[in-house]
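A, B, C and D are the chain letters, set down in written order, and residue numbers restart from 1 in every chain.
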Amino acid sequence: MNIVLGDNRYGKAETRLLRVARLDDRHEIRDLSVSISLAGDFEASHIRGDNTNVLPTDTQKNTVFAFAKEAPVGEIEDFALRLAWHFVRTCEPVREARVEVEEYPWARVHVRGAPHPHSFVRTSAERRLTTVTCDGEAATAVSGLANLVVLRSAGSEFRGFARDRYTTLEETHDRILATAVSARWRFSGLDVQWVESFADARQALLEAFALQRSLSLQQTLFQMARAVLEARPEIAEVRLEMPNKHHFPVDLAPFGLTNDNEVFHATDRPYGLIEATVRRSPAVG
Amino acid sequence: MNIVLGDNRYGKAETRLLRVARLDDRHEIRDLSVSISLAGDFEASHIRGDNTNVLPTDTQKNTVFAFAKEAPVGEIEDFALRLAWHFVRTCEPVREARVEVEEYPWARVHVRGAPHPHSFVRTSAERRLTTVTCDGEAATAVSGLANLVVLRSAGSEFRGFARDRYTTLEETHDRILATAVSARWRFSGLDVQWVESFADARQALLEAFALQRSLSLQQTLFQMARAVLEARPEIAEVRLEMPNKHHFPVDLAPFGLTNDNEVFHATDRPYGLIEATVRRSPAVG
Amino acid sequence: MNIVLGDNRYGKAETRLLRVARLDDRHEIRDLSVSISLAGDFEASHIRGDNTNVLPTDTQKNTVFAFAKEAPVGEIEDFALRLAWHFVRTCEPVREARVEVEEYPWARVHVRGAPHPHSFVRTSAERRLTTVTCDGEAATAVSGLANLVVLRSAGSEFRGFARDRYTTLEETHDRILATAVSARWRFSGLDVQWVESFADARQALLEAFALQRSLSLQQTLFQMARAVLEARPEIAEVRLEMPNKHHFPVDLAPFGLTNDNEVFHATDRPYGLIEATVRRSPAVG
Amino acid sequence: MNIVLGDNRYGKAETRLLRVARLDDRHEIRDLSVSISLAGDFEASHIRGDNTNVLPTDTQKNTVFAFAKEAPVGEIEDFALRLAWHFVRTCEPVREARVEVEEYPWARVHVRGAPHPHSFVRTSAERRLTTVTCDGEAATAVSGLANLVVLRSAGSEFRGFARDRYTTLEETHDRILATAVSARWRFSGLDVQWVESFADARQALLEAFALQRSLSLQQTLFQMARAVLEARPEIAEVRLEMPNKHHFPVDLAPFGLTNDNEVFHATDRPYGLIEATVRRSPAVG
């Protein structure tokens, strides 16, 4: 019997970096979680325990901190690209570096209406994120967000669906639609205004969710993804994962009450899970 | 040997209610987690399994939903009070009802700058909360918030502390101060403008955190609690629990770099935990 | 307006210690989370930022590690007592030290039937724990466990309960009873065989849960607590918190099937929560 | 601009099923979380909100419960296969069904040494799992486990690694090696003794972790995966993901103590993450 090593990678996950920029009149902060994963010529470490090619994950952590000092962090895409290129360029056995960065959002505390120069408050459980992959020749970036929690209380139906002997669900013309959007969008290049691109993509997701009547969560997902592509030409493809966080109307009839879609029970599990990729079609001609 | 029942209580925890108010021009939503706990004459159920006095927790859940329909939910304090009085008044064995309500924050999605009438986005992982206790004669309310995450990057010291043979910490004139505030404030009465009171108390916490130089997290906690008491006369007492979420400056010297308090490693555990109650002193006279 | 400091305490929470005892023929490991909280004369730190009396939480962490080296850790009660006495004896402003220790369970990996000398596998998500409180004169210990998850599929009823207009629950002669026991027992003294006491108390909880027919979760709780008191004379009082983790029989009638209590849907929220203290009655006479 | 739908799938996630088999002399229980995901001809739902082809996720949930009644659940692989074949065979638009089942482990409570017929205790936070994929022609199964937490306190080194200007890690001849194994193994066919196969694969992981000296976590991972392949011929490929849960020796020198690898600080983040697939090499000839 011959047993061989297949795909493999390793790295340091979730290094938690806070970078303070001490400007003259105020501080700026960036609060990041950085995960690095390297693929390449690491067979000897697996087969023989020969670590000659293995740059310690501790070194990867150190690199995150040192890089945060040696040059401005910039946007998370900038920082991830800088780190990814570093590992493929300076560590010979590395054939591909993947760097994921998540950013925790902070806003300034407002004191008597004015933003404070060095006091901050966490604004959301939502996270902006990017994954950069670099193979030594080129790099690609996929950015997005996690945990964008949205709900609409009107304009959502679910009708005309398939039925079989296990189907008991009734059609609905008016349900709660609630989800926690996880979105990833792939850029066709790297010459991108990262901040503006993110803001527009996020706003496109929100507006498409809010504006268009929903006949299914699938349709809403598609409209949201399409809106991102329409808003930002540098984005080639969008992948969305959207759990259907069910809210069931409570039967109040036993108490002599009617429930005109006003009182709902929010449940945790099970939940629907809708996943799709939406992209520009290849040029034809 | 004689073995007896001591303090006991029971109830339904974390009923997740979404209430939609369908106004003419827009929807309003309230997203709540309601926990009920009843104390009283329940010894027979414990000792003999005689449930004559036990109102099922399932009924308590039903009551939450029915009450959300029978009258406007109002603020979380209103809703908790209505539920608490109900149980002590209508269920004879109940001698004390405690109702906790947590509210999840939502804001309207803005579409081309305008708030949408029925689409919402979760704004924070912070939660507004209240605990109402009613003994049949009177009710008291303790409100507050959980998970208000704040950080300041200047104006925080920790010096002049006690030392023993296990002390290695160096004094610092400039550290990161970060915490996730859990606050509870007790009202002296119930004739309170709940929304205004909450907004003012929360803003007082934020401003005190931001404005005043910190010589210790204890001092900052006291200033924050005092600011709440100064801002709202109806609040008699404030209890704060504040974990010290440590951010350590990274030693960059091995890489030929200096770290002028710019690059920090955020850690999860262990953490400091500072807890205190601050109150108005009794009248002297 | 006069505003004063009330109850307050501070300390280092969740210091994660692994202690390896390197014996001749094998290793022993203790995997602990240690939380320290001190109360005393700390007003100056709160009011003026004067930290003269404040032993840093960093020092408390160091003490945990140093104490783990200076003498055998022993059982978690031994270790907590040693730490608690240390702080009240050596740090003058401390009037009360509270030390909580949680232990994560490990067993040896078995290799071809034999226990391995230095390889271990985590056995459970259950945790043994203790809280020791020392005021300089005396110490008390409360030990227990968290997350002991148990389920019985027969011999559990819930009938004869109170009804009101919101009651829809049907009586049941045969339901699933499932809970995650959180138990704390207070010792009347400290001359205790900790290991044997814990093992007997835990087994008493399990046997009482298993053996006796349940007419309510309250009754089961009481029987479990009583069994602990009957098993171990050094235990003066037991406090149990037991969520009722609901399992609902699924209605299979729409599919032409009967459900004779065989198919259940396990839900997360809401859940019942039953809490009680059971103790020895004071001597009469 | 033309925008098109790419890969997409949907289904019901985390249906929590408890199945009780009421045998004459005892009960048996199976406690499962079942997640279903369907791919196929669902473009109309995405593009036009036409749900003709969409079998509701609610129906999928019902199917899980009904199937648990209509025939014995069997092993998780049996149950997943039965569900997966059902969806591709009876729902015409479905081209691929993927069914994931996780099982929560229970053991019987022992009362005076004897296993109880219907009382159970949760034994571990570890979970056995399987993912079955069925395209209408054939099915494949990938089974495994999550959260197998192991630690060895001797026989682990990390030396001879690559260094660059950011490397500060010292070589170690004796470190703690701790991880939470996530394992997935792909079967070459479906004629498998599932219980025996799982037990042997799990034991192979444990013994390889325990027995062989570790020169790197990569080497240990490879040895563990190889041991699974050697133990069970029906397994074609093993994928392991193993976080390196760091335990750092505490510097006790400031307290006049030496630390001969006895006192460690367990940290949460960052952590190393080692991932690899190990498989049988293709036949040559």
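We take it that a residue touches a chain if its C-beta (ideal position, glycine included) is under 8 Å from a C-beta of that chain, and two chains touch if they have at least 3 such contacts.
What you see is a predicted model, and the numbers here were worked out from it, not measured in a lab.
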Item checked: Minimum number of chain-to-chain touching steps separating subunit A from subunit C -> 1
Margin query: Of the chain pairs B-C and A-B, which one is connected by the greater count of C-beta contacts?
Written below: B-C
Next item on the list: Could you grab the centroid distance between subunit A and subunit B? Build each centroid from C-alpha atoms only and quote it in angstrom.
Entry: 29
Check: Cα centroid separation between subunit B and subunit C, in whole Å?
Finding: 24
Note to self: Quick check: what residues of subunit B touch more than one other chain, meaning two or more?
What the structure shows: 15-16, 62, 66, 166, 168, 254-255, 267-269
Item checked: Contact footprint of subunit A on subunit B as seen in their complex -> 15-22, 27, 29, 31, 62, 65-66, 68-70, 106, 109-112, 116-126, 148-155, 176, 206-207, 209-211, 247, 250, 252, 254-255, 257, 259-268
Next item on the list: Please name which positions on subunit D make contact with subunit B in the complex.
Entry: 165-166, 168, 254-255, 267-269
Next item on the list: State the interface residues of subunit B toward subunit C in the complex, per the touch definition above.
Entry: 1-16, 35, 37, 42, 45-59, 61-63, 66, 90-91, 93, 158-164, 166-169, 214-219, 221-222, 226, 229-230, 237, 243-244, 269-281
